[in-house]
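Think of it as A, B, C and D in the order they're written, each chain with its own count starting at 1.
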Amino acid sequence: MQDAVARYVRDGDVVVIEGFTHLISFAAGHEIIRQHRRDLTLCRLTPDLIYDQMIAAGCAKKLVFSWAGNPGVGSLHAFRRAVEGQTLEIEEYSHFGMVARFSAGAARLPFWTLRDYAGTDLPRANPRIKSVTCPYTGEELATVPALNPDVTIVHAQRADAQGNTQIWGLLGVQKEAAFASQRVIVVVEELVDERVVRSDPNRTLIPATIVSAVVVEPWGAHPSYAQGYYDRDNEFYIGWDTISRESAVLSDYLDEFVYGVRDRAEYMQKQPRLAERLKAGEQRCAGVNYGF
Amino acid sequence: MMAVVAARELADGEVVFVGIGLPNLACNLARRTHAPNLVLIYESGAVGATPSRLPVSIGDPALVTGSLMVCGMADVFQLFLQNGRIEVGFLGGAQVDRHGNINTTVIGPYARPKVRLPGSGGAAEIAIHAHRILIVSKLSPRAFPERVDFLTSPGQRVAKVITDKGVLERDEASGDLVLAGLYPGIDATEVRAGVGWKLESRARLNQLDPPTTTELHLLREVLDPQRLYLKS
Amino acid sequence: MQDAVARYVRDGDVVVIEGFTHLISFAAGHEIIRQHRRDLTLCRLTPDLIYDQMIAAGCAKKLVFSWAGNPGVGSLHAFRRAVEGQTLEIEEYSHFGMVARFSAGAARLPFWTLRDYAGTDLPRANPRIKSVTCPYTGEELATVPALNPDVTIVHAQRADAQGNTQIWGLLGVQKEAAFASQRVIVVVEELVDERVVRSDPNRTLIPATIVSAVVVEPWGAHPSYAQGYYDRDNEFYIGWDTISRESAVLSDYLDEFVYGVRDRAEYMQKQPRLAERLKAGEQRCAGVNYGF
Amino acid sequence: MMAVVAARELADGEVVFVGIGLPNLACNLARRTHAPNLVLIYESGAVGATPSRLPVSIGDPALVTGSLMVCGMADVFQLFLQNGRIEVGFLGGAQVDRHGNINTTVIGPYARPKVRLPGSGGAAEIAIHAHRILIVSKLSPRAFPERVDFLTSPGQRVAKVITDKGVLERDEASGDLVLAGLYPGIDATEVRAGVGWKLESRARLNQLDPPTTTELHLLREVLDPQRLYLKS
């Protein structure tokens, strides 16, 4: 992870760490904080705790997002302090708008068309939301511009050494974000033999041809989760509300759990009961026949 | 009571776009009472979920395990929502105004917010595309101003606003929310006190039935035994 | 199948039987021929033998397509006779154009944007290929209009009784065509318990909420194929070249194998060695863990 | 010889959009000789296929079993092709003109065709988006007219035309196809006889090496033992 971040994440980059609740690469976010990246434009539908930490650590110049809260808990306090104190630029869409931006980027189109925003104040708050006239019906439809990040980091259940990556459970916009990106870092729970990938090719979401680096980092998504590997750490999400309310407490958290560890393995060693508490149960599906 | 009233609004077989908290409770209550074939769709991509525990987030892994379909979010927004396949959408918000418009973005001016809220998430497009919007929100003059500070989700498709004291409906003629039903033991003036504009009433007000013992049992003992969402 | 076609396929309809080489519902096409549907607008990327048969049987008024050949063999002769004799209207795109039309229909947008057709004669041959100006970059991009069929018929490996449908192997544009359509008929090799679908929800391509009818029709895709069930009947595809060259021979084929049987079961009984020759071998993948 | 020359055009690790027939043979020959890491993508959605038998159609089930990824066709065209992720595209056609434009649509006028061909399929967008186009086609004045009857796929990105007698290249200055290489024992006049315009030549013509015994063995004994595509 250290090498991948050192090599592929640069000061001033447009950075995406995607994953909708599921498969958020906290490990990558922490490494970016440890390596003191600055002036990043962080993009994500739901900034979640990881961007709250990165904002608090001073990595972010700008945030591009559609829902900035602590899901199921309340506010992201570092984010709120930064916005209310006007120390962070923001560019705001709805979820569909962000999904559409990634879709356009992935298809290498300059914009995406959607039926949205009529009657809302969002286009006034964000002039990049524009419109286009349908050449068939004459209707006016909303548009958003393509989002093509410099680097996208995707956590996944498994990949082979080349980077052919398989995901199950919630898929979010992982595929679109990866295809839209100049560089892609895939972080996986498990490195598997190419034969495992080839045995079930319909589960491959991201092909090796677009992947810059594969990092093996078990538990790399905690406190987010990886279906089939470990559960979401809801206690942590609830606890973050207290930690993040005061800058000083948040700072102590970063000192201990981010700056204070070298990597994810040390992070897990510090919390020996985590794995036991969150380890996934077994609910395995049957395979299907790919024969002919 | 809010969860019970919301549950009763759902017809069997409907396709519902559902968030976390009370709407989720309401949907699961409806599924266990009069609407066993309700199809729950979460913006995270889980379709036909039957969660084995109360989901804490709309991305909870329990929504995935045993659901009918899991798809990417581009499909959720394009193939389900924009396509018009969602019949009912639940929304909440920091502010709901007299037209049913919702604000989940900022209190105060956008450029210099007094309070920065999470933002739209999927709320803008849910309000635009779901056939019927149900709002669940507690009454207070702050939460129900005459005009929202920021219009996140337009109110045209709002069918009902389910509050802690009674139910408001959108009057088609005026476009305004009006008082339509009262909970047991509540007076219309109590509802009016929680609304920041002069609230009109339907000619005939519904008196809503209290929760049945079955409903209460399901909510308190089965669906939310730890009272994560049943605070009132 | 008889009931589903009687109820959901009407004279004059815009009909789609999709499937790219894989999972083409020949059983549905044959039933439409038997029920003497007329004036259909048949849409499909690759008309394949099934539309060649439907054109020969007089079901089609118009064909909307992007590649009309016998894949790996040569021409579709009934199609060629109809076009060269000008008895069939055509509306022609490229594959990407057809995919984009279904994508627009599925997203309920009036058009789809693509980078295509610059320097080609296709827009001259088809005035429905238009263009739009990007509101961000000023670029001119091609557009195609949405395709929203009256009825789409999709063959699949398995579905539950409600219509929750799972497909693996080649996916074609089955999902987009189904979501674009007013009515959807799903034809499956196997009806499975809802629990089978729920055990692996990432494999579900089409949800019951958009399905009008589920028909169980084993071998319903022959001479096309169903991955994990039976192989493509290449001999049939090669043989079709001879059958379809002469109207009279083609007519005899329809008499014997379409009009001459009541349903797919009879069709298979007439060819007792087919199943043995084409039955799929076993190449089953392992399942994945959906636990948490 | 055409399959061998086409195979030699492919560099190891390249991402190739491949059709059926000779291009497929060429790719598999390259994979077994100098380019083991060639990634084959078929428009049917199979990525990184290593077919265990010679596929008869680009939708052959053998392309799916054991491939690295199978995706829908919307992804093939948007995420791979339009996105610019395809380095080499193979095309063929009933007509190839002096600019490398290809016709796979009609012979004669579009509205009253003399011969109706299959149409574009993916050829229009492959010609527009793949970085480098290789055309494989046998020489004849009919197949190589000065101007195509219908322009299905534009010629700008055509790098080489691999024929049964020699190789043409697109000259960047004039935009015309010119003779660049000859097969063993073939004379330039034989190539010119198969082309419907006055074919210019490169200043220095390549003399292409004949197939090696390894190449011939692989093609005849391993890749196409039934001679499905190796007719000449």
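Criterion: a residue touches a chain if its C-beta (ideal position, glycine included) is under 8 Å from a C-beta of that chain, and two chains touch if they have at least 3 such contacts.
Here the structure is a predicted model, which is why all the values come from computation and not from measurement.
Each step here moves to a touching chain, and the least such steps from subunit B to subunit D number 2.
Across C-D and A-D, it is C-D that has more C-beta pairs touching. The mean-CA centres of subunit C and subunit D are about 28 angstrom from one another, to the nearest whole unit.
Remark: subunit B and subunit C have CA centroids separated by 40 Å (rounded to whole angstrom).
Subunit C has its Cα centroid 37 Å from the Cα centroid of subunit A. Within subunit D, contacts with two or more other chains are made by residues 46, 61, 64-65, 70-71, 78, 82. For subunit C, residues touching at least two other chains, in rising order: 108-109, 114-115, 168-169, 171, 175, 199, 202, 225, 227, 231-232, 280, 283, 290-292.
Across the assembly, chains come into contact as A-B, A-C, A-D, B-C, C-D.
Subunit A contributes residues 108-115, 128, 130-137, 139, 141, 143, 145, 157, 168-169, 171, 196, 199-200, 202-203, 225, 227-232, 280-292 to its touches with subunit C in the complex. Of all residues in subunit A, those touching subunit D in their complex are 106-109, 164, 175, 179, 194, 197-199, 201-202, 204, 207-210, 290-292.
On subunit D, the positions that touch subunit A within their shared complex are 15, 39, 46-48, 50, 61-62, 64-71, 75, 78-79, 82-85.
On the side of subunit A, the complex with subunit B involves touching residues 20-22, 45-46, 65-69, 71-72, 75-76, 79-80, 83-84, 86, 92-96, 99-100, 102-103, 114-122, 124-125, 168-176, 225, 227, 231-232, 234, 237, 280, 283. Considering their complex, residues 20-21, 43-46, 56-61, 64-65, 70-74, 77-78, 81-82, 105, 110, 112-125, 128-129, 150-154, 156 of subunit B touch subunit A.
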